[in-house]
Structure formats: C-alpha cells, structure tokens
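Dropping the structures in below, format is structure tokens.
Paired with subunit B in one complex and with subunit C in the other, subunit A is shared by the two complexes that follow.
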Partner chain A sequence: MDQAVMIDTRHPLETPEGTDLSLYPAGFWVRSLAYTIDWLIRVAVVVATGFLFSASGIGQGMTLVVYFLMEWFYPVYFELCHNGQTIGKKALHLKVINDDGTPVTFAASLIRNLLRTVDFLPVFYISAIIASLCNRDFKRLGDLAAGTLVVYTNPIKPSPAIDNVGVRPVPEGFSTDEQRVLVAFAQRSATMSGARQAELANIIAPLVAPGDPVVAIKQMANHIVGRRADSP
Partner chain B sequence: MNLEQLRIAIRPRRDWEAVDLGLQMARQWWWPMQRIWLLVTLPWILMGLLLPADSLWLVSLSLWWCKPLFERPLLMILSQAVFGFTPSTKEILRALPKLIFNQIFASLTWRRFSLTRSMDLPVIQLEGLRGKERSNRLQVLHRDDSGPATWLTIIGVHVESFLMISGLALLGLFIPAEVDLGIDSLEFWGESKTGGLLLLFFSYSAMALIGPLFVACGFSLYLNRRVKLEGWDIEIAFKRMVQKRGLQTFVLLAAIAFFNLLPQSAPPVWAADERAEIREQIIAIRNGPDFHQMKTHKIPKWQTDKEPELDSGFIEALFKLLEAFGRFISSISGFAEIILWGLVLALVAWVALRYGSWLSRFPQLLPRKRRQYYQPKKLFGMAVTEESLPTDVSAAALDLWQRQQPRQALALLYRASLARLLQSGAPLREDHTELECLKIAKQQSLPADALAYFSHLTQVWRQLAYGHELPDNTLAESLCRNWNHHWPDGARV
Partner chain C sequence: MKQSTFEQLHAPVWQALEAKLILLEKGQKPQSGELREFASLFRKVCHFHALAQERHYSSFLVDHLDNLVVRAHQQLYRRKHPIWQPLLQFIVRDFPALVRQERQAVLWAALLFVGPLLGFFVATLVNPDMAYTVIAPDQAAQMEAMYDPANRVLGAARDSDTNWGMFGFYIYNNISVAFRTFASGLLLGVGSGFFLTFNGALIGAVAGHLTNVGFTTTFYTFIVGHGSFELTAIVLAGAAGLKLGYSLLVPGQLTRVESLKRASHVAIRLVYGVILMLVIAAFIEAFWSSNNIFAPWQKYLVGAALWLVVLGYLIFSGRERSHS
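Up next, the complex of A and B:
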C-alpha cells in the first residue's frame, strides 16, 4: 500500500533546520468541549460581575463592559499570555499555535477570535464545524484566515516500567527505530495477554535467538534504556 | 487480517486523537458512506412523502429510533476500507439483511439509549460477540480511552440539532421579507404537509451528516483500543524487521559468494602494536582542541520567558481587583457624574460655537422661532389705528362721498372696519390681502350683520380700488350711514 496516502492525524512539519516536527491538530469534537468550558466560565464571570456591581449603582455599565471584554478578549488574552491555552483548552490539553509551529502572535489571535462571528453562522458554530471537516488540519474559518492550528499538548500516556528480567546486549544491526520498537514491546507487554506477547515476539524470534523471545526482547529493552546487570 | 494492508497509520493515540482519526477516515470515505446511508433510509423518505401530514412525526421518530441499524452498513464500509478494500454497493446490499438483523431487538430497545453505542457496535458486528462474552469484551475495551465515546453521543446529539436549526435558520434568512409563506406560524410546522416535510428534511439531513462522523469516530476509538491492547503497531514493525533482515541476509550471502572468488578480498589484518598506536592517536584526537571548543553566547532572558502558570488564585485576585475597582468607582461616582455632565455641556457649547454659523445655513434644523405678533399700524398703506379715525366715521365718510371723493370715503370705511377688527383681536398682518382679511374676520366671533356688512364693503372696496368701478350712489350712501350702526364705537366683539 502506498505510504503517501496513509490516513493519519499527524501534521508533519519540517523546520528550516531540517528537523521533522509532529503536530497533532484537534478536531471539532474535543474543541467544542473546550469551548463549552470556556463559555461556562465566561457566563459565570459576567453573572458574578453583575452581582458584585449591582450594589454599587454602576452595576449595569460595569457588567456590560465586562461582558464586552469577555466576549472579545477572553480568548485573545489567554492565547497570548497563557501559552496559547484558554482554561477550557488547558483542561483538554489543547493549544493554539501558528501553523508554522511558532507560538501564536497577537494579530493571528485577534483575527481568529474576531472571526468567531463568521464561524458562528448560521447558528452555534455550524460553519466552523463544516469548515473544519473540509481541510486536513481541522481549521475553522478563523484558523484559515489567521494561519493558526489547534493542537494537542499532552504526550501519549507514559509507559509503565519494563519487567526486570535481566539484561542482554542488542545484536548488531538494529536501527534506532527498531530499538525503539523493542522498548515499546517491553513497556506495553503489561497491557497485553501472555499469548499475544508470545505471538508478537515469535515474529522476530530468529533475530533475538537464543532463548524465549519474549524474555529476550525484554532483556534487550532493559539494555537499551540503560539498565545494567548489576543495577536493581 | 493482514495488518500490512492497513490504510491508516497505526500507532497508539491519545483518546481524543483517536476520535480525530475517525474524522479523517470519514473524510476519506465520505461519499461511499453517504451513498449507503441515503439508500438504506430511502424507505423512510418514501413514507414521509406518502403519509399525511399528521403522521409525519411517526416517520421522524422511527427514523431516529432506527439509527443504530443505519450505522451498521457504514461500519461495514469502514472496516473493509481501512484494509484497502472498499465494498461495492451491491455487496453491501447483499450483506444488509444479516447486518441489520444481528441482535436487532437489543439494539433497538435497551441498548438504544447506550451512550457508548458507536464504540460498542464493532464488538457485535465485527467480532460477532453476544451475551456474556460481549459484556466481558466491552469491559476490557472500556477500561481505558473510552471517555470520548460518551461525549461523542452527547456532542453528536447537540450538533445534530444545531445542524437542523441552522438549516431552518438559513431557509428563513434567504426568504425575502416581502414574501410571506406563513412559515412564522406554528400551524405551518405542525399541521401543513409542507412544514412537516421541511422539518423532516432538515432533521434527516442533519442525521445524514452526523451519522458517518459518529460511526467513524466510534470505530476509530475501538481500533485505538485494539492497537494498544494487541500491539498492532509492534506487529507491523516486527514484520518489517524480519522482511528487511531477510533481504539483507540474502544480499550479504550473494556478496560473500561473489567476493570469495577474488584473492585480495581478505580483510586487512592489523598487528597488535599497530592497533595500540591507532588507539593512542584516537585518544589524542579526542582530547585535542577540535573536540573542546567552547563558545559563550549571551542571549537576553526576559522575565516573561517563564511559563506563566494559571494558578487558582488568579481568578480570586481578578475578582478582588474588580471588587476594589467597583468600590472606588462608586465612591467617586457623584463627583464623576458632575465632571461627566460638565464635559457633555462643554462639548455642546463647543459644537454650538464652532459650528453655529454652519448650522444656520440649515434653518430647518434650527428650532422654529415662534414669530411674535405685532399689531400693525398700517394695512394696505392705510393707517388703521383708532387715533387716526374720525370720531364719527359715518358722518365723515358721507361727507367725503358727497364731496365727490368716493375713494377716500370707502377707504375710510374700510380702514375703520379693519381698525375695529384689530381692536377686537383679529391677527391681521401687513402682508394679508383683502380676501385674507375677510377670511380672518369670518373666524372671529363677529355679529352676523357686521360680518355681512364687512363682506359687502370688502367687495365694493375691491371693485373701486382695483377695478375703478364706482358703486352707485344709494349703495355707497347706505354703506356710509350704516357703518356706525354695525361697528359701534368701542365695541369689543
């Protein structure tokens, strides 16, 4: 199968230095949740302001000012001063960046948030949802105009430690990527049944012989991550 | 199942990222899925068109209720398409009865309200599990990364209804305001066939749009769990390792076989002392300056470089600040009000000074001045004050008439009448004509005979003044004599 048409969520990005970066754009499901959190916070703040100021006789004016700021500058403030994350985005491990991978700039943030008016049309961000499904990076109209991306920030869950079954040097000829796979097998074996572990390990049994391939791979993985024979 | 054929990039993903893979899959196979969805829901559309308006709700309800069944052919497409084989419409239709009737009762009754339907469907359809086996399997699958499955359903319900509302809103937006289709009335949606069909159409379209997304994302969550549980990515990588080694071993053997024919092919053998020398050289080079170059770069480090953390105290501080600000504002509010009003007045004054002359060019903008009424001293060039009149108007006029001065005689009668009218409060102005004066006189509450006299006099006077027609003697004399009778001295009408 042609590698080029593999369906993936990764947005590969090559820096001018020739380094490959991986960004993972987030789709509308998780973003709508983040938006809901932010919306609730904004409503809460506006209502609270209403209560706070209603005693002082300038309540309505102040509440309107706060409402205005919340409506238009809440996302801009958080995106610029809090690492591209509003509270809702932070809760769901999302952040806004420029689509070249750099932190979001003022102009971009302002544009993407002012254009929410357009994305909202005709009701409840339906334009945003449809627009995000029409491009690979799930950009809504504001993102397209501003050149921004919403990506995941959290790493994949840290893997459990490898069983301490001893150490064995890795035979010659295993590339870095292949060594990584050995480590991944050892780390993830905790979530796999014994039969499945054996089935997988048997595929490369000739390469890791002699001995039980499952144990052999785990021993090599221990070696790769730096455990030595005398360490506990 | 040959993982090598997979058309999706396999690796363990974050939970929400797995959902996004579902979105990408839906994007990839959108049209095949949409086509099948429209095909299997066709009976409902026919029902909608044929049934009367008052039973359309039944079509909507059954369409919604049977959604789990429509999702099955979509899953069939996806599950085969990810392995690089998209089934044809014919194949799907042939498999349809088996797909639909698989555990249909449970799916349409108590499992209809399951929030994790999208992620659970592959277990019954692809793994063919039922009963205890199924629930055990689901337990394993739901142990991790299954939170989004519930959210898919909750958000999906909302997005679906939003889609429907936006369809209606768009329709409303594009109907010109002049055209009244009766859409505003509840009756239109409730009882008319057109309204009912429109509602059905929009909810149907919304379901058609959300359906493939929902199925693909649930399937993707299911796949992600299996990738993690069974190490699919590891299997693929291991197989590649073996393939690569197989190839390399073969190449190496061939090379050895080839080079063995040549006598010089033996690798160079280093003597022991030569080796020691080389090692020393290596160490010397490694300790040399090439490997120990130090450079100091100075870059400014701003305080803001620290990643700002959003601590819980932030909101609290914000509120305290707002509170203090509110107190401050309210304490100076009286003073501030005065200042603000002062500013407003100053602004108005400045505008008036700066633009007053300009404004005067537009008299209609200025407040209309109520013109003050001054009682005129002269009308038609004749004095109409009481002082200018002789004491006995009738006698004076008759005298003038008999002295062959008819113009002066009638003029006296007329201006004397006007003077009396003015005296009685009639708002006569210098620019009024005789007829206007008569009109105004009619609006005054004059005695009927006086008014008739004045009317007659006006007519005679106009004929004389402008038409140069003398009245005959008897008429003129009667007018002169009657004046005193109709306009008694000092009469206040």
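Up next, the complex of A and C:
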C-alpha cells in the first residue's frame, strides 16, 4: 500500500459487481456534534410531552414511555425509516450503513444503539472515543459489535472552480490519486501565497518543464475536471 | 480509448442510472420493467467505473462514477423488512428454539440470578439484619409501607389513570434495566453478571424482609402474577449479555471483533423476546397484580398458571415434530 492510501480515511469495499465502493467513515468529532443535535431534540420532545400531558392523570406514565422511547428507540427509528440518518446526522451529512455497504438492518441498528450504554462509560462517551481512535473506520464499540459504519453521505466533491489559465493534457502515468492531488492543489491555490504555491509546484517541475509549474498544474487540473481547449 | 470518446460513448448509460437513482431515493415505487433495467444499468456503470479507474481517467470522472455506484449499491442491496409474518414465526417458533439453543448461557444467567436470590432470602429469614446489607433502611421502610395490609384498599386498588401511569413506569424502568443488563455484557460479561447477581440479591432480601415482617399475602399475591414474565426476561437479557462477554473471551478461530459481531447478532434476537416479555409483564403488573378484587388463592392460581405458561412455552414451543 502506498502512503496516500495509508493516511487516507477511505474505506474501500469490493462489490459483487467487481468494482470498488469508496466509503468515507466519519470521525468522533462530527459524530458527537450530530449526537448533540439529536440529544437536544430528544430532550425537547420529552419536555414538551411532560407539559402537554401534565394536566391529565396518565401524564406521568405517558412521559415515562416517551422518555423510554426517546432514549432507546429514537436512533433505531430514524436509522431504519429515514435512510440511516437521524436528524442530527442528516444535518451533518452522515449516515449509518452496514459495513458491507448495504443499508443498516434492524438487528444491527438495535445492537449499536443498545450497546451505546457501554460506549458512554465511564462518562461522556469516553469508551466510544477511545475505541473509535483505535480502528481505521472510527467504529465505536457498538459499531464493532453490530458491524456498522458511520459514513459521509457525499464525499467532499471537488467544485471545479479553478483559474481558467488554459488547458493542458495530463501526461501518461499520473494515477487517479495523483490527479486528485493536482485538482486539490489548483482549488486550494487561492488560499496560499504565491511563494508557497511555487514551492509546492516545484516538486513536479521536471515533469512539466519547460514553463511555470504552478500554471502547468492549473492547466492540467482544468483538463482533469473536463474543460477543453475549445470551451472557454 | 481517450477519455473524451469514452464519455461521449457511455455518458447516456450513467445519466440514465442517475435519473433512476433520483427517483428511487425519493421513495417512489418503480414499475417492474424499470427494475430489470436498473440492474443491467448498474452492472454497466460498475464496469465503466472499474475501467475508468484502471485507465486512470480523470479523478473527476472516477469520483462521479464512484458516487453513482455507491448509491446504486445501496438501492440494489436493500433488505425488505416485512413485519407481521416473521414476528409471529419468531414468537411461536424461533424465540423458544433460540432460548433452548443458547441454554448454556441461559442456565448460567439463571444460576447467577436465582442463587443470590435464594441465598439472601434464606439468610434474611435466619438473620433479619442480613436484609440491610443490600437494602437501605429507608428503602426497607418504603417497602413495608407499600405492602402493609393495613394500607390495602379493597376493590380495584387504584383508579385506571394510576394504572396507566404505573404501566409507563414499568415499561421505562424494567426494559431499561434489561437493556443495561444486556449491554454491559460487552464488558467481558462482568456487567451482566453483576446486574443479575445484584438484582437477585435485592429481590431475595426484600422477600425475606417482608416475610419476617409478616406481609406475605400482600407481597406474594402482588409479585406472583408478573414475576413469571419479568424475572424470566431479566435472566434472558443477562444470558444475551453473557454471550457477548463469552464471545470476546473465547473467540475460537475467529478474530475477537468477528466473534463479537456474530455473537451479538444472535444475542440481539434474545433481546427481541425480552422486550416482548417485559411489555406483557408491565401489563400484568399494572392491571392485574395491583388489583385486589380477587381473593389471594385466585391470584396464586393465576400466578402459577402464568409460570407454567412461560416455562412450557420456552421448553416446548416450536420444537420440530419428529416423523420417525
């Protein structure tokens, strides 16, 4: 495995059709933000139920049942009926799937949400954080047992906003990952000083000589995202 | 083949797939003809995706195809979730069969629960102070007040609103306890073992204490009804938890993670049954156990019948008939 693959979080998965799916597991920070959103919603629902039914005699029992459902079955419901996404996960473009890439099943969803109890221990999901930092796919204990993954729904798509400095075909032998690097450089060049751009681009200067390597990279990036010489 | 030629030739195929995906993701029901087309489109796009990767076409194209393949994979390998027929089959056949299949874990859990229960019951009868090793004095006083025959109301003990309130409480409390007993099995089985032992000891001590005080009729007529479902369910939840712990300790030829994964997919099915049993128990506890219209002998009779039903169900239901 080359280094790019080692440091990438991509989770490659071969399908029966003989091609590779690319899944991008989400780390604990974005997941805890999603959890916070869900937690606020759950609290709001329980408090609202308490208020609405406080007048009637069955209010207390009703509130406890709602509290019970919110604590254990809120995530299960959303993961099964709303495409693997609780409200918080949807807001942050995350979803739960089985680790074979298929939509999450009832058993898996229930396992991961019941084992949440252990992930929480001793406080504030410390077990979950430690577990998710110990494996490549950021799985907490519940995910390990259930065989589930939390992934980004749309891997950050390259928006082809690159300086239109012309087009230049990419020389043979640039792998797909290397092409991604070229596009990423062209897109992020606006956030770097000219000197830094030149410094980085100089690494491949021998491959694109003669000419300014910064411009050459941008031209190749334009070619990669599909611009052609005839289209402005 | 140049990338631009490749795109010109095949773009209609992946555009067609994308159009179908957008429809499917909105949850629209496709017609049967369309579905057949979907599978063949998907296979073609998978092929193009693999080609594009292998030929090092631009990452932009590869990423686009990648996105389509992932989305189509999710649509094609979606599992259907029919509810009623499998549920019935689960109750009648699969759950009792599973309990018998996992009898080793179930027997260990029962031992961890019933052992301390009987131990503390007998110990409290012999030496009343033993009760206070597991229950706090004010808790004991509360229990005494609850089951004091002098506080007993004749007729239906509570109005129906209170019954519903208590039903909610039993659902919330008992099922949460069962879930925690199960989940803490992940701690190498120690958590489940602890919850089983502790709850067994607690119930044993309370029963012994109330027997010493002489409130036997009120206490035993109350618990005999729902005890069958509730205590059995707690034992089964503990058994499911022990199974998780055991799979981590003794993974055999599998990796520990793989072993845990397989065990938890079996154990969770025990938990389905536990949930059903505890909902039944909460009904009985809220609407029958608290009802004082019936004479004690009637309540004991029904209680005994319920125990026979639960044990008979778990032991005999869903056995394969032998045709020999």
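Everything that follows uses one rule, which is that the second predicted complex is superposed on the first by the 160 of 232 C-alpha atoms of A that agree within 3 Å, B and C clash if a C-alpha of one lies under 4 Å from a C-alpha of the other, contacts with A are read in each partner's own complex, and residues count from 1 in each chain.
Keep this in mind: a residue touches a chain if its C-beta (ideal position, glycine included) is under 8 Å from a C-beta of that chain, and two chains touch if they have at least 3 such contacts.
From a predicted model like this one, the values you see are computed outputs, not experimental measurements.
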| item | value |
| --- | --- |
| Which superposed partner A:Thr191 touches (first subunit B, second subunit C, both, neither) | first |
| Touched partner set for A:Gly147, first subunit B, second subunit C, both or neither | second |
| Touched partner set for A:Leu207, first subunit B, second subunit C, both or neither | first |
| Partner chain(s) touched by A:Met62 [first = subunit B, second = subunit C, both, neither] | both |
| Partner chain in contact with A:Asp20 - subunit B first, subunit C second, else both or neither | second |
| Touched partner set for A:Thr9, first subunit B, second subunit C, both or neither | first |
| On subunit A, the residue positions that both subunit B and subunit C contact, one per complex | 56-58, 62, 83, 154, 173, 177 |
| Touching residues on subunit A, where the partner in the complex is subunit B | 1, 5-10, 24-30, 32-33, 48-49, 52-53, 56-58, 62, 66, 81-83, 87, 90, 92-93, 122-126, 129, 133, 136, 138, 152, 154, 156, 173, 177-178, 181, 184-185, 188, 191-192, 196, 200, 203-204, 206-207 |
| Subunit A to subunit C touching residues, read off their complex | 15, 17-23, 56-65, 67-68, 71-72, 80, 83, 97, 100-103, 105-108, 110-111, 114-118, 141, 144-147, 154-155, 157-158, 160, 170, 173-177, 179-180, 183, 223-226, 228 |
| Subunit C - residues contacting subunit A, complex | 4, 25, 42-43, 46-47, 49-50, 53, 56-63, 66-67, 69-70, 73-74, 77-79, 81, 159, 161-162, 164-169, 171-173, 175-176, 179-180, 182-184, 186-187, 191, 244, 257, 260-261, 264-265, 268-269, 271-272 |
| Complex contact set, residues of subunit B against subunit A | 4-9, 12-14, 16-17, 19-21, 23-28, 84, 148, 151-152, 155, 158-159, 162-163, 165-166, 169-170, 173, 213, 217, 228-231, 233-235, 237-239, 241-242, 245, 248, 307-308, 310, 319, 322-323, 326-327, 329-330, 333 |
